[in-house]
Amino acid sequence: MSLLRVENVVKFFGGLMAVGNVSFDVPEGCVYGLIGPNGAGKTTVFNLITGNYKLNKGNIVFKGENITGMLTPRVVALGIARTFQNIRLFSNMSVLENVLAGYHCRMKSGALAAMLRLPKQRAEERRAIGKAIAELRFVGLEAEAENLARNLSYGNQRLLEIARALASDPALIILDEPAGGMNEYETTALVDLIERIRARGITVMLIEHDMSLVMRACEYIVVLEHGKKIAEGSPEVIKADPKVIEAYLGSDDDEI
Amino acid sequence: MEQFFTQLTNGLAVGGIYALIALGYTMVYGVLKLINFAHGDLFTIGAYLGLTLLASLGLTGNVGTAGGIFFLVLMVMGLVGVIGILLDRAAYKPLRTSPRLSAVVSALGASIVFSNTIMLVYGPSPRVYPQGLLPTHVFYVFGLPVPIMRIIILATSLVLMIGLYLFIQKTRTGTAIRAAAIDQGAARLMGINVDRVIMLVFFIGPALGGAAGVMVGLHYGQINFTMGWIYGLKAFTAAILGGIGNIPGAMVGGLLLGVIESMGAAYISNAWKDAIAFFVLILILIIRPTGLLGERVAEKI
Amino acid sequence: MSVSGNNIRIGLYAAVAVCWVAAPFFLDNYQTDVLNNIAIYALLGLSLNIILGYGGMFHMGHAAFFAIGAYTTAIMNTSWGIPVLWLLPLSGITAGVFALVVARPIIHLRGDYLLIVTIGMVEIVRIALVNNIFGITGGPNGIFGIASPQVFGYPINGIVHPAHYFYLLTVFIAFTIAVFYLLEHSRYGRALKYLCSDSVAAEGSGIDTSGYKLSAFVIGAFWAGMVGNLYAGKITFISPESFSFWESVVMFMIVILGGAGSIPGVLLGAILIIGLPEFFQELQQYRLLIFGIALVAMMIFRPQGVLPPKPHTYPVDKIDEKEVAL
Amino acid sequence: MKKIVLMLIAATFLFAGPAVSAETIKIGLMCPLTGSWASEGKDMRQIVELLAGQVNEQGGLLGKEVEIVVADDGGDPRTAALAAQRLASRGIVGVIGTYGSSVTEASQNIYAATNTLQIANGSTSVRLTEKGLPYFFRTCPRDDEQGRVAVKSMLEKGYKRIAILHDSTTYAKGLAEEARGLLADEAAEIVFFDALTPGEQDYTTILTQIRRDNPDVVFFTGYYPEAGMLLRQKMEMGLDVPFIGGDANNNPDLVKIAGTRAAEGFRFLSPPVPQDLPSPVAQDFLAAYIEKYGQAPGSIWAVLAGDGFRVLAKAIEETNSTETEAIADYLKNELQAFPGLTGMIDFDQKGDRIGDVYRVYEVDADGNFILQK
């Protein structure tokens, strides 16, 4: 059964069609790639899934529930977490606090419980800190817990975003160019991390320009061009697809 | 019906002044994203400087009324523009990289300094412009009286607005200002002297406020040291109503605010006038969150 | 900050607290009353800090909530003789409900647009009070003859004995600081800081930003309403002039000057903004001029506020290894 | 930063202490030196300081020098409450001031609680003396009397359709409502009753409405800056309706703002100004004031503050005491027909000034205020 189903999704910006009638199924437990030249509408598809943008037509179904038009926080609570193409961390807050943000939707204590410092609230705080440390350890940033997020290196900031997303205990994690700005060594570690994420039972979806990473990490790939799906299949199939090759050759700044 | 049109012109007359002050507000905001709460006081300074110059230079005697007023407005614009640049240097420039609200508090401090300085220099009593300088001719349009001064004020606001708009849209310097408004860092990389742009903006904005001050003084006669606060707030409201940072928006917002006020006062209640105006403003912003002509910038995620 | 730095800081706070509590013994009624004014505005600043400091919302209409609390107390006390302190929660609730109703449609406005709307809100409230809305606010005269509050049957008269009121206010401040400190360092306070820092990222992390913004407004308004109650009980006479737009500006300046999001900063901001003009009384008509210059100078000198917030440290080392679990 | 904190703590303790000196007699003056009413406060201070100087030249009071302790009330209630606490803890014999009823009201409780004598000068709201405060006096008359005089004067002129315009301040709305109440029993109709927003420049909207309602007279109960603007714009609009104003219009700046042509024929109520009183006290004061400050005092309310000082000085002399109780008792029971700068002064048991104080003034073609007999 598919975890996420995108059905005939259409999105216009003004008069411009950014996504046109795109459909695909993401099966549970896989690493799923979304590729395409610049401006193909990949990030827009992500933003539609997570509710950052409202779609004009189509349906998005997650775990059998129609999440079309649902607000982002509810989508996250249902189990879709994401990272951003241009890193968006809470830069003046500590690394630990950044991860706590992800766990936020799994906590319950409100303002009143905090003001009264109820035992339940305190226990929950401890649990949250424990969870955050565990996630930082998972991505290898435990030592940086007390640092401010803005003081991390570029690659570590990407890892921190992943840790923050993981802290929300998602069923599906959406990574928007996770290797952007990473060196080769870091990229290799990232492939390993993605594998470990999947080993936790979390389905991974990613947008990436680094084709070697995509081919290594993904089991299934969808290719978009000009907002339309032009191909899908296993990495081997995609590599051989003439339409894909043409799409990439047509644009001069990407390579396959 | 006659009542309605008279109130409409009443509203447009007040709105023209709001628009003129709002132009300066919006100009500074456009480039620096700074809410210059001292702008209203620059307007007051303009009014007082105009009075001083008028009394000491005897301008109207030497070059005729129209010419005298023209020179008077130019001189006040120059002086208030320079004060604007000094204000920027002293109170805002050191806060360029700080949180935006810090500059707001600095602006409020500057506003207190300006209004109290005016009070100490000119005394706390209202001051009065000499009368009879301006034409008092009244036109009749379809039998409705329209004093010529109202036409002059509206025309001046309109001319300044169009001039400013063309300057921003069509000249090289204007392009530099627009570039700096969009992204200062990028503008700098493109070789634009952003500091000069900011200085220019801090000259033009306050200069427009100063011009409005002289016009209020000439037209209404009475000026006082606290008037800048009220006018400043109204102009800020007008600028937001039209979409802050947008030059035609300031004009539309100013005129509309004037009309809303006079219509609200005339047909609902004078005592509730300002409350009605704010209520309409809130309704408009609920429907159009970035003002009437403000662009909705979809945030790139 | 190092451990010793922390200790120095805590020591300093303790010293200031001791000075504060002991101050009335060394001061005359006027000076104590200046402290009372500082206390009232410190409380208002702390309540505004929830909205403006943590939440980062440009809110310049806080006097509206203050006014609603004060008028609730004044009306209920003078009409039905309900003791002032019993009305403390009710004053907060009235202001909170008002905030809920008013803020809901405007909460999505950004930055400067929210600023002008909140200014409009405080002006509408003031004009409504002046025009004797519902026939209960007394119009421009306001309401006089509000009783002094009583604690265990002992009257606390803010006029005859400013020192008595001082301790009432101090107890409330201590309570407020404690509660807001806990709030700041909780899931709730963090959520506000997240949305202030980057609302898109906060939403993407599952934080319902508009819900939190709205609730911050309600909590801030609730507290300001309670301060309104204490203000009415202190001065025993309220009129619309006490709740003008300028009062909102004063609260705004307290938070930003002191350090947005910092409890010690807001307290110091209240001391500076309310205390300095009194300190310059001898200068008579020059006092506001000097105050204005001081304001600009302080902002230039410390653009982030005089005491900006310190990053919070979490008890990471106190977390048991067992609790570190995915 | 620690330095700042420490400095502040030090500063808190450094507020000039309540140094009670036996050498001088301290009299408080509470007046608006900042804010919208700063011009009133400036006049008040100049007059009271002038009079105190004269007393000191003649040897002071009870052989001691008089010292005026000034506190700025900023024209707003909160600042006024602080100013009152400040003066009350400065060992003063009594306090003169202030301008504005709601500002005075905010200070009344504090002076009452500290047994401080207060002589207000520009606070005409009726209820201030209806609270039964034993040590509160005022040299200005009350709004109910003013309302009576205004209504009488309008009816005498035969006006039937009356417009009442106020500015939503305590004073102006109170006076407007007094007049409305009194007119209810008369053969006149109120065709317009509304408020303008003070501090603005353009009142054509409200004047257009007044023209529509076509009254015989407009009673404006607000302050002179707005009155001046109304008169001026009324003329520019060609609206020909007589205006009558309340006592807050007695300020020569009114004519400056309106222009003599527009102001001509404007009538207002006011206690008599020193210029119109033939008494030597008033003439001497006027001469001394003009000599020192170069012009006649702008505001009658400031002159009333001078009268407050003079009755207080008189009471201290006569009772040979600085006790509040004794002075209040003297002012209520013994002071009779004291020659003030604004006419004879007597107080009743409430602390109100007795007698027909109000006069009607009219502006003549040269912009002078002419007392109507």
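Think of it as A, B, C and D in the order they're written, each chain with its own count starting at 1.
As a convention for this text, a residue touches a chain if its C-beta (ideal position, glycine included) is under 8 Å from a C-beta of that chain, and two chains touch if they have at least 3 such contacts.
Predicted model only: the values in this text are computed from it and were never measured.
A summary of chain positions shows that the Cα centroid lying nearest the centre of all protein Cα atoms is that of chain C. Farthest chain from chain A, judged by C-alpha centroids: D. As a whole-number value, the distance joining the C-alpha centres of chain B and chain D reads 36 Å. Each chain gets one centre point, the mean of its Cα atoms, and the points for chain A and chain D are 72 Å apart.
Remark: chain A and chain C have CA centroids separated by 40 Å (rounded to whole angstrom).
Residue positions 130-131, 200, 285, 288 of chain C each touch two or more of the other chains.
Looking at chain B, one finds that residues 116, 119, 269, 271, 274, 301 touch two or more other chains.
In chain D, the positions touching at least two other chains are 34, 38, 41-42, 168. Residues 1-2, 4-5, 8-9, 11-13, 15-18, 33-34, 38, 41-42, 70-72, 76-78, 81-82, 85-90, 102, 105-106, 109-110, 113-114, 125, 127, 168-170, 173-174 of chain D are the ones that touch chain C when the two sit in their complex. Residues 34-36, 38-39, 41-42, 168, 194-197, 199-202, 204-206, 208-209, 212, 225, 228-229, 232, 236-238, 253, 256-257, 259, 298 of chain D are the ones that touch chain B when the two sit in their complex. On the side of chain B, the complex with chain C involves touching residues 29, 35, 90-91, 94-95, 97-106, 108-114, 116-117, 119-120, 233, 236-237, 240, 244, 269, 271-272, 274-275, 278-279, 281-282, 285-286, 289-291, 299, 301. By the touch criterion given at the top, residues 50, 52, 71-73, 76-77, 81-82, 84, 88-94, 96-97, 100-102, 104-105, 107, 109-111, 113-117, 121, 124-131, 133-135, 137-138, 145-146, 148, 164-165, 168, 200 of chain A touch chain C in their complex. Partner chain B is touched in their complex by these residues of chain C: 52, 58, 105-106, 108-113, 115-117, 119-121, 123-124, 127-128, 130-131, 200, 245, 249, 252-253, 256-257, 260, 285-286, 288-289, 291-296, 299-300, 303-305.
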